[in-house]
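Next come the structures, one after another.
Shared chain: chain A. Partners: chain B in the first complex, chain C in the second.
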Partner chain A sequence: MTWVSAVVHGILLGGIYALLASGLALMFGVMRIINLAHGSLALIGAYMAFLFTEHVHVSTYLALAAVLPGALVVGYVLQRTMLERSLRAGQLVPLLTTFGLLIVIANLLQYFFSPDVHSLDEGSIGTASWRVSSSLSIPWFDVLTFGVAVVVLGGLQLVLRFTQLGRELRATAEDADTAELVGINARSVYARATAIAVATAALAGVFYGMRSSFDPNAGAAQLLYAFEAVVIGGIGSLWGTLGGGIVLGVAQAVGAQINPEYFALSGHLVFLAVLVARTAMQAGGIRLTLRGVG
Partner chain B sequence: MSAVAAGMPDTRVQRWTPLSVAFTGGLAGLVVLLAFAPVVLGENSQNNLIQLYFLVIMAMMWNALAGYGGLVSVGQQGFIGIGAYAAVFLSVQHSLNPYLSMLLATFIGGAVAIPVAAVVLWLRAGAFAIATWVVAEAFAILVSLDPNPAIGGGTGTSALLPFNIRYTPEQRLHYTYWAALGAVAVLLLLLFVLLRSRLGGSLQAIRDDEEAAASVGVRVLLGKGILFVVAGAGSAAAGTIILAWQLSILPLGPDSIFGVNWTAKMIFMVLVGGLGTFEGPIIGAVALYVLQTYGPNNGVWYFVLLGGIAIGFALVLPRGIWGTIQERFNVQLLPVGYRLRTVSNGKGTT
Partner chain C sequence: MTAILEVDALDVRHGLLQAVRQVSFEVAEGETLALVGANGAGKTTLLRAIAGAHRPAGGRISFEGRDITSLAAHRRVKRGIALVPEGRRLFPNLTVEENLRVSTAARRSGAWTVDAVLEAFPLLQSLRHKRAASLSGGEQQATAIGRALMTNPRLLLLDEVSLGLAPVVVEAVYRSLGALIEGGATIVLVEQDLARAMGVADRVVCMLEGRIVLEGPRGGLTREQVTEAYFGLRRGATA
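Up next, the complex of A and B:
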């Protein structure tokens, strides 16, 4: 029954990873770049929420009302300044600049907030849980997190499908040059995509900070988990990302059930196993086509 | 090539110029001269030079991947850690001579790179970057979980014993210095020969346009694979030198032997020196050394500055210091490329 409990917790944990991954996947889908500072931006969201709860004495949920608009602005400005220039310089430069940003953010956070761990208050819901049986109880906060993830992913899907911004995003992702020909301002589309991505990252960061404690270097792990969720789920579909997040969460929770130190490792190993399987299938596919031709 | 030859009959393909002959000879002479440093220089200077040497190795290896293979790795710290821990495993666990252990650990690093290459080389750009990072993290956790008390444990390990039972601290310093200098010289030569061979040409083709290169018969994966294995071995060598230099190492955290801060330093050195230039990483290593010595003492501001400068170079001066000089004055001190020289006006282009 403890295994059932681990799997259930893993599934709910997957919601946070999917939320974190959705912004990464959105930027990759639209601009073909992977923002290595994505996890660090999520972490900034958590620290900003901490500032609000600490100094304005509001609940963490209320702090989101200030953190999320701030994150939109940060994303927009980041794209218009650093990322736009990086994109123009070729495929590799965005990786180098966003990695530099990751290092700068981790160390600035360490300077302003000390290297110690912080955590966010999840309110009265934090202690409540639903007792299914003697060995399985589901914390309501985990259910809330998962629900938020599903709502945000669904919302993104709807925006992409039915709104003017969604049509522009999809057109630019397909072919930026052609999109420009029909009057779409690709630079503005990119900036709005990054703004949304950073806001979802900050939201995920705040929920992550309520779930577990964080330190200035936690952004790197967040980036890896988000990317693992994207790859396991298969790039290109938001619901696939949710599936990937769930697989990753279950792998980590089950690993931690065997030995708490296996938490991150088991997720990494499942990710690498997926990569190996894809490579093998690809190699197999190539051989099959060659045989078909010969 | 034929079109150029037809248009300008007086064109010659040139590899060596008088300047590059002089410089390459001078560099070989410098290595020989530096080998005498333990006789002449004090303990401090030798320690500083050892640091500079392992930084040069790291920068060369990262540049080989990114500058010549188009592969941005965020996981070379995995091989640095593997090298250091393999040397501990051989010298502490199996009582081998520590310097022999360092040599063997270098080959172990190269051997480990082969299966890793098979998994990650299929990936493009950012996916490759993060996958290498995941591999490095997995290595770090696996090493820290090793049940053997000489290896495992988050509190790290030490190679003090195998060095101390064989050598005095002074001998250790001298031998480590020579090992580090030797590693720089051998790896520099290896890369020089590799990049001048057929592989160098095919790598350049891959870097410029992977699909086009593949379509004219360049074996893309083989070329990248060779680079990745060489970089794995070279990074492991750097790891063993760090071990011999600081004796105790930690497995986990950004500042540890498996820490991502090494990658931050590599990116800084290569971007500042000049991505894809043979000489750039050496300049970059000197620049980092200067920043370490004269920059902020506080670790936090040191890394903020390091990251900030790297971003600045990537955006404003993407060819780095040496790349910019090369472009402006058309010089190449170490001849890894080809130069077209038109005899009539005496001007050459690379």
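Up next, the complex of A and C:
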């Protein structure tokens, strides 16, 4: 694989990270919750699609028609029954709650589906690719995944910008107490945000399951990549999340081009570099402000 | 006139501090009531308790004859109570128009639409697509009042609308309020500027250390009486 090929595949790989990270960014942006169970919720989506394909004998894409509404309901109920209570107890409690949820989901999946790896059928598109040159061919499935990520992130952006739900989400994110005073039910807004976030996680989980095999403990790794994409892209920014996913994907693909063992490591190093650079810039900003005042 | 708002023996606490003590009063439909008092008298706390932002420790709040004491703030807005909070509290990253439209969450129909608000506050017309954070104090205040009006309230609660504004801006804000009052709106106004409060209100309630120490119709109170009550020189009077 050439360097160009590595970059192109890295960009397309970024699509799946961005798709997974979009819900994480939404929940953090609206409720300031870092949902540590986000990757596990994505896995539930993958396992639900697996159930439908195995027992109802429908294609994975058709299974999404049942999985996504189910994920919306799960997200809504999760917020109203569990996260809402933990939010009232301070910032640390939601972190602990979602960490506990991550462990519970992993164990439940292991109990019901065994520790064995599973995978989802991506259909005929899974083997189709566009051959650009002798050293570069672009898999259609990767293009589809990237396209879905762009559509989901673009759709979320449009909803946030132009709809009443979007205005309510942004207003509640900025000041939940004042939002209540203009007639917004902040609890309902939070629940709807979580519903959307879990649905995008389930969608990402299904695409992840078609892309590679998964097991009950894969959630933590997926969470890590999603978290890195959110941080690289700038926390709370949806288009930034797509950028973050692409940077992470390219870093991993280029790292793997150097040595296949560097795939994950190179992504983590870029994440750390962005984190250090951003912290240094913020510290520089503070120094600048102090100089300005002084 | 029938009372639209009844507050009965209301107590509100901030932790150990009792900010409002056994406060009772009524507001009639179409009336403008001014709550005056020095800093820390409990005016803002009382207004926020009526709006649902503070849960009372005791007492009862009724609106249009129904007990709303334990009703959530957003449900009170749906019933027709709107608060313009102290410090405006706009959503800084939303535009002026978005700040107005967000209030349609209350789903109350009426005369107040985005166009009606922009007509009532002409200074906002050229700013409708600007972020609230970039507005001047007067522009923010106009937006905050417009945002409350967008809920088409039956009762408008205004908390220190002149605070931190230039005198010329305060004049403009009060001119707009005058038009609302003439239109028959029911208003409870918290104001530290006695002259202004007594200029627009039908009735004045003076608070001191969480209690009502003086109340009466504007014409039945002298400036000296209110000033004495304001500074704690006179207690327990009703004109």
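What we mean here is this: the second predicted complex is superposed on the first by the 289 of 294 C-alpha atoms of A that agree within 3 Å, B and C clash if a C-alpha of one lies under 4 Å from a C-alpha of the other, contacts with A are read in each partner's own complex, and residues count from 1 in each chain.
In this text, a contact is a pair of C-beta atoms (placed from the backbone, for glycine too) under 8 Å apart; a residue touches a chain by one contact, two chains touch by 3 or more.
These numbers were taken from a predicted model, which means no experiment stands behind them.
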Worksheet item: In this superposed model, does chain C or chain B come into contact with more residues of chain A?
Response: B
Fill in: Residues of chain A touching chain C in the complex
164, 167-168, 170-171, 174-175, 177-186
Item to complete: Give every residue of chain B touching chain A within the complex, in rising order.
Response: 66, 70, 72, 74, 118-120, 122-123, 125-127, 129-131, 133-135, 137-138, 141-142, 144-145, 253-254, 260-261, 263-264, 267, 271, 299-301, 303-304, 306-308, 310-311, 314-315, 318
Fill in: chain A residues within the chain B interface of the complex
28, 33-34, 36, 82, 85-86, 89, 91-97, 99-104, 106-108, 110-111, 217, 220, 223-224, 227-228, 231, 261-262, 264-265, 268-269, 271-272, 275-276, 278-279, 282
Worksheet, complete the sentence: Note: in the complex, chain C contacts chain A through residues 51-53, 72-74, 77-78, 82-83, 85, 89, 91-94, 98, 101-108, 147-148, 150-151
